[in-house]
Amino acid sequence: MIKVGIVGCSGYTAIEAIKWLLRHPDAEIVAATSRKADGSTVCAMHPTLTGRLNLVVEDLAPEQVAARCDVVFCCLPHAASAPIVSQILDSGSKVIDLSADYRLSTCALYEKWYGSQHPDPGRVGQAPYGLPELFAEQIRGANLVANPGCYPTSAILPLAPLVKEGLIETTGIVVDAKSGASGAGRTPKLGTLYSEINESFSAYGVGTHRHQPEIIDIIGRYAGSEPQLIFTPHLVPMDRGILSTIYARPQAGATANQIRECLCSYYQNSPFVRVVSHLPATKHVAGTNYCDLTVRDSGGWIILLSALDNLVKGASGAAVQCMNILFDHDETTGLGA
Amino acid sequence: MIKVGIVGCSGYTAIEAIKWLLRHPDAEIVAATSRKADGSTVCAMHPTLTGRLNLVVEDLAPEQVAARCDVVFCCLPHAASAPIVSQILDSGSKVIDLSADYRLSTCALYEKWYGSQHPDPGRVGQAPYGLPELFAEQIRGANLVANPGCYPTSAILPLAPLVKEGLIETTGIVVDAKSGASGAGRTPKLGTLYSEINESFSAYGVGTHRHQPEIIDIIGRYAGSEPQLIFTPHLVPMDRGILSTIYARPQAGATANQIRECLCSYYQNSPFVRVVSHLPATKHVAGTNYCDLTVRDSGGWIILLSALDNLVKGASGAAVQCMNILFDHDETTGLGA
Amino acid sequence: MIKVGIVGCSGYTAIEAIKWLLRHPDAEIVAATSRKADGSTVCAMHPTLTGRLNLVVEDLAPEQVAARCDVVFCCLPHAASAPIVSQILDSGSKVIDLSADYRLSTCALYEKWYGSQHPDPGRVGQAPYGLPELFAEQIRGANLVANPGCYPTSAILPLAPLVKEGLIETTGIVVDAKSGASGAGRTPKLGTLYSEINESFSAYGVGTHRHQPEIIDIIGRYAGSEPQLIFTPHLVPMDRGILSTIYARPQAGATANQIRECLCSYYQNSPFVRVVSHLPATKHVAGTNYCDLTVRDSGGWIILLSALDNLVKGASGAAVQCMNILFDHDETTGLGA
Amino acid sequence: MIKVGIVGCSGYTAIEAIKWLLRHPDAEIVAATSRKADGSTVCAMHPTLTGRLNLVVEDLAPEQVAARCDVVFCCLPHAASAPIVSQILDSGSKVIDLSADYRLSTCALYEKWYGSQHPDPGRVGQAPYGLPELFAEQIRGANLVANPGCYPTSAILPLAPLVKEGLIETTGIVVDAKSGASGAGRTPKLGTLYSEINESFSAYGVGTHRHQPEIIDIIGRYAGSEPQLIFTPHLVPMDRGILSTIYARPQAGATANQIRECLCSYYQNSPFVRVVSHLPATKHVAGTNYCDLTVRDSGGWIILLSALDNLVKGASGAAVQCMNILFDHDETTGLGA
């Protein structure tokens, strides 16, 4: 039984992680922490868990969490996460960090995009990126896994193999991505009120979103060739789901069919990537750990479409998948849809 | 041209009032105030108004607002409203108060349900309740109008005539009401985040909502007989609209047809009340100042259904309707759907 | 391994049943039928199942289905279901019927509310009502289970114990119920188009909905005393979930606390009924087999609130729960949230 | 008073046209036709109009409609529209055709994309495209106006001036567009059911949507240079609104600022185009005839964003705007938001 701790248990990724861990036959949640701890249980914070997890939320120090756990899911915001992760690692537990703190390759990149010095520079560039479809070997022996961003997962899964195989040009790529509102987190803000988001659709962070350098960095790291791409996120009035529509130029006369075959071949042993022939919809993957991919061509472009659930394959399901690898379980354990 | 001020212009009722006033042929918005005023225009706060109202938001004192205006729409929260309203009235402008501060008949009732002393006790019980369908005469010569609550409007319009005419029993009435999320206001709170409300339906304030005494008080005032009723509000995942399903016992053998005729007769000269034969839906009245009513009977009950847009007939449309009466315009001026 | 067939596999209850059965450790789906069968697989009909169930949809005769299966989930519309169910039973398979055909006690009641003669009158009144919380003993040895309606489950679970124990009056009960749109089925109709339902809320079938006699019949059957109640369904712009707000009069001075204790006591061994102290929301139970109940009192009324997912505890989850009982598995097998 | 007829009054564009015409001070609806006419009024078909338009729906021949009207809004599907339009024109009324039948320049283009021979080839290429911001002169004296498609309006308004002025390259343009569900019409289909669209986001018609040739054709006609672009539509779970995110390459070193200035200059006398500096959202323009545009640059791309209400500026509001021009009224008459 893997003993798991949840640090920062009040948000949407935390509750989602808890739900999947409760279904997992070999995991047990032994600690849930929050600065808002007031002696009540996780159920009081998340009524959907009533009767399913009678654990008191605690305001534990990192060492205390580490002492109880084999692995800690760290669900804190970026910059807040690294100092805690660092202490948990030093105290001997493994960590899957759901923040962005350990995803980028260099401190310089982090500082450019996150606007502050990295709190744990020594580990930057050391943690494997928690996308088992691409980095399973590096994840296997790690103590710290940098769990991927939701948008990057939806862009990297279709693009990385194609860049690696030279089937698309690495310049001029456009990632036009659309996400449900749970991606914006559970902290009350004007912009995430129901009456602001409902019945509206808009772009945000055009040219400035932090997932853009993450996508570029990881594809470059995996494929050996850094793509030149832009990323435009949009907010969809729905709870969950990301659909990315990606425009790239074929290389060496590659056709949609060849590209589909490349993806099929790359992911033939990846149980959570489904290369489909129909156009994917976020509803097809909602509540599951799947990422559905398809390919079209038109007007000289290759159009890649990918759909995933931002809280599952885009966050907590991916974290459980990484946990399975860290502890030598089958990748799919507890992740049946 | 009626010179209108909007006090507290950042919320949903304020923006809705502004939109209707912009369409009004005889009204001009001459002041918009907010404590958040920072030198920018109303459009910066509400991008939907871009190019339609180039008015700078100001942090004006009540006397300053009064000096510019014939009438002020006060869109502040309860308890915050009365002190401002009081000073505006003293400075010579009329006021339509969209808060609850002047709706109840007595200070005692206010204190019981709002939990604090009334800030302007001398005017309590003096302001007409701004439901022109029932109180047009009192509104006509008033300086201060207490604009009705959204839920109360949906309950009082169908119930008041029936209580007055003795067609239903005044005890054992159940008002089961459902509202879209804009009724919860524009202040960021966990409970009004998109991801909390979307795809969920729940009751709230069961037995404790402040609109219950308002409904009882006003029906009693109008019909001379205070009903005994309970009110249960629910939150619907949509922007706008209230549907109230009301259960009452017929009196003296009254049938659904007699009750429908009574409503038709009462509201034959009320342009915004439509007594319909089909079951009303909030979508039929969204964006309009209509309240649709119908009647059914079943199992010994009379079932009344009423639908309105909580931001229009339930708030800012009603306020414009009252303004028209205050300034001897046709009730419907500027309120075409 | 229980061999399961799905008859009528194109709708929402069928797809939901399939999803839960895929998670079930001891069930295997061996047949899926539809008159729309065209040689393609279940996945082509339900892309969410891609790669999870490679079963060809067939247009099988009832005997053919029965020959393959230990139990058949019959997901056909009422009136269409009974003739098929009858033949499957005659051919030796057990049946869990998700239609309304075997729920009511008498043919007369069926004919009154469904407007046609019952197609299989001999079995009317014989099948246990598939609410294991109340009828587990009768279900255990049955060949045919009448799976409950979604609204009835939400009303019967809170009401039946209270009627049985004499804690509420059996007259004058009001069930004001609200459901998400998946309850309306997957057949294209004007009324269930996105643009008709979205941003709208309305009542329907006031005094005429077929779930009203079902609720009355089952409570009467269970508690020995037929209640006099009315039922008003409403349509909520969301996919899943039912919340019922139920108004009843306490008997013999019963308080909300006594009623809560009665419910706690009745359901202490019912893993899927959670008697909670907070106000339930459909989101708390979405995607789970739970029904959350709570109690309030106000103005001389007892107010019961119940929330469930209409496709899970209100349909296919309940069916799997019944299947577990039929085959002597733990009631909760495969139903972990 | 302009006498207006509505041919095909059961759908969403028809109801939207009726609402705007009811507000118009100089228009009167004198006929509403439908093949579904059964002697009841427009209100019976659209309960939101109760008490606002007591007109009986008729199944009139084109000549009969023409005899009553100065102008007819033809709200029929493509291919069904042209034969009717042709007869109405021949009978002497003006027509604003909301279908696609007269939008494309040539019969060959129509046949390629609509898959059938054009029913009225003689008028193909003759009708002005009803986008007054670009074609007001041609509209002024016309008898037939081809009202633009909703997506094309959102793409042509930002792109046409830039192509004309040589500020962007005319090749490699990507129009990634997202629309609310009302764009899919009011005919019941599986794909437009609430439970299919809600909580889902997907692309459709990738590379095959008929609005792609319309965009290319009109920009070419206006700017003299046919662009090479691809268009990808997506379905958003909301009622109304289109947001298009458009990627183009700047020409001759054009910057975002220069492009914004070009748009400002082009549209300085266009009351319904707002060039804004913030990122537009569909909610900002919902229920209005505005199209909001903005510009960003990133990674060597110019990113244009445009938002409009698909039923207003994308359909019926534009039709009223054209009607105003046809009858020498101010373009904005009756179109105040």
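Each chain carries a letter (A, B, C and D) given by its place in the written order, and its residues are counted from 1.
We adopt the following convention: a contact is a pair of C-beta atoms (placed from the backbone, for glycine too) under 8 Å apart; a residue touches a chain by one contact, two chains touch by 3 or more.
Note that this is a predicted model, so its numbers are computed, not measured.
J.: Using mean Cα positions as chain centres, tell me which chain lies farthest from chain B.
T.: A
J.: Name the chain pair with more contacting C-beta pairs, choosing from A-D and A-C.
T.: Between the chain pairs A-D and A-C, A-D carries more contacts.
J.: Could you please state the distance in Å, as a whole number, between where the Cα atoms of chain C are centred and where those of chain D are centred?
T.: 45
J.: How many angstrom between the C-alpha centroids of chain D and chain A?
T.: 40
J.: Counting in whole Å, what is the centre-to-centre distance of chain A and chain C, each centre being its mean C-alpha position?
T.: About 36 Å, centre to centre.
J.: Where in chain B do residues touch two or more of the other chains?
T.: Expected reply: 196, 198-199, 237-239, 280-281, 283.
J.: Looking at the complex, which residues from chain B come into contact with chain D?
T.: 19, 22-23, 47-48, 50-52, 199, 274, 276, 278, 280-281, 283-285, 287-288, 292, 336-337
J.: Where on chain C does chain B make contact in their complex?
T.: Touching chain B from chain C are residues 172, 174, 176, 178, 180, 196, 198-204, 206-208, 228-230, 232, 234, 236-241, 243, 245, 247, 279-283, 286, 296-301, 303, 305, 307.
J.: Going by the contact rule set out above, which residues of chain C touch chain D in the complex?
T.: 12, 181-182, 184, 186, 188-190, 192-199, 237-239
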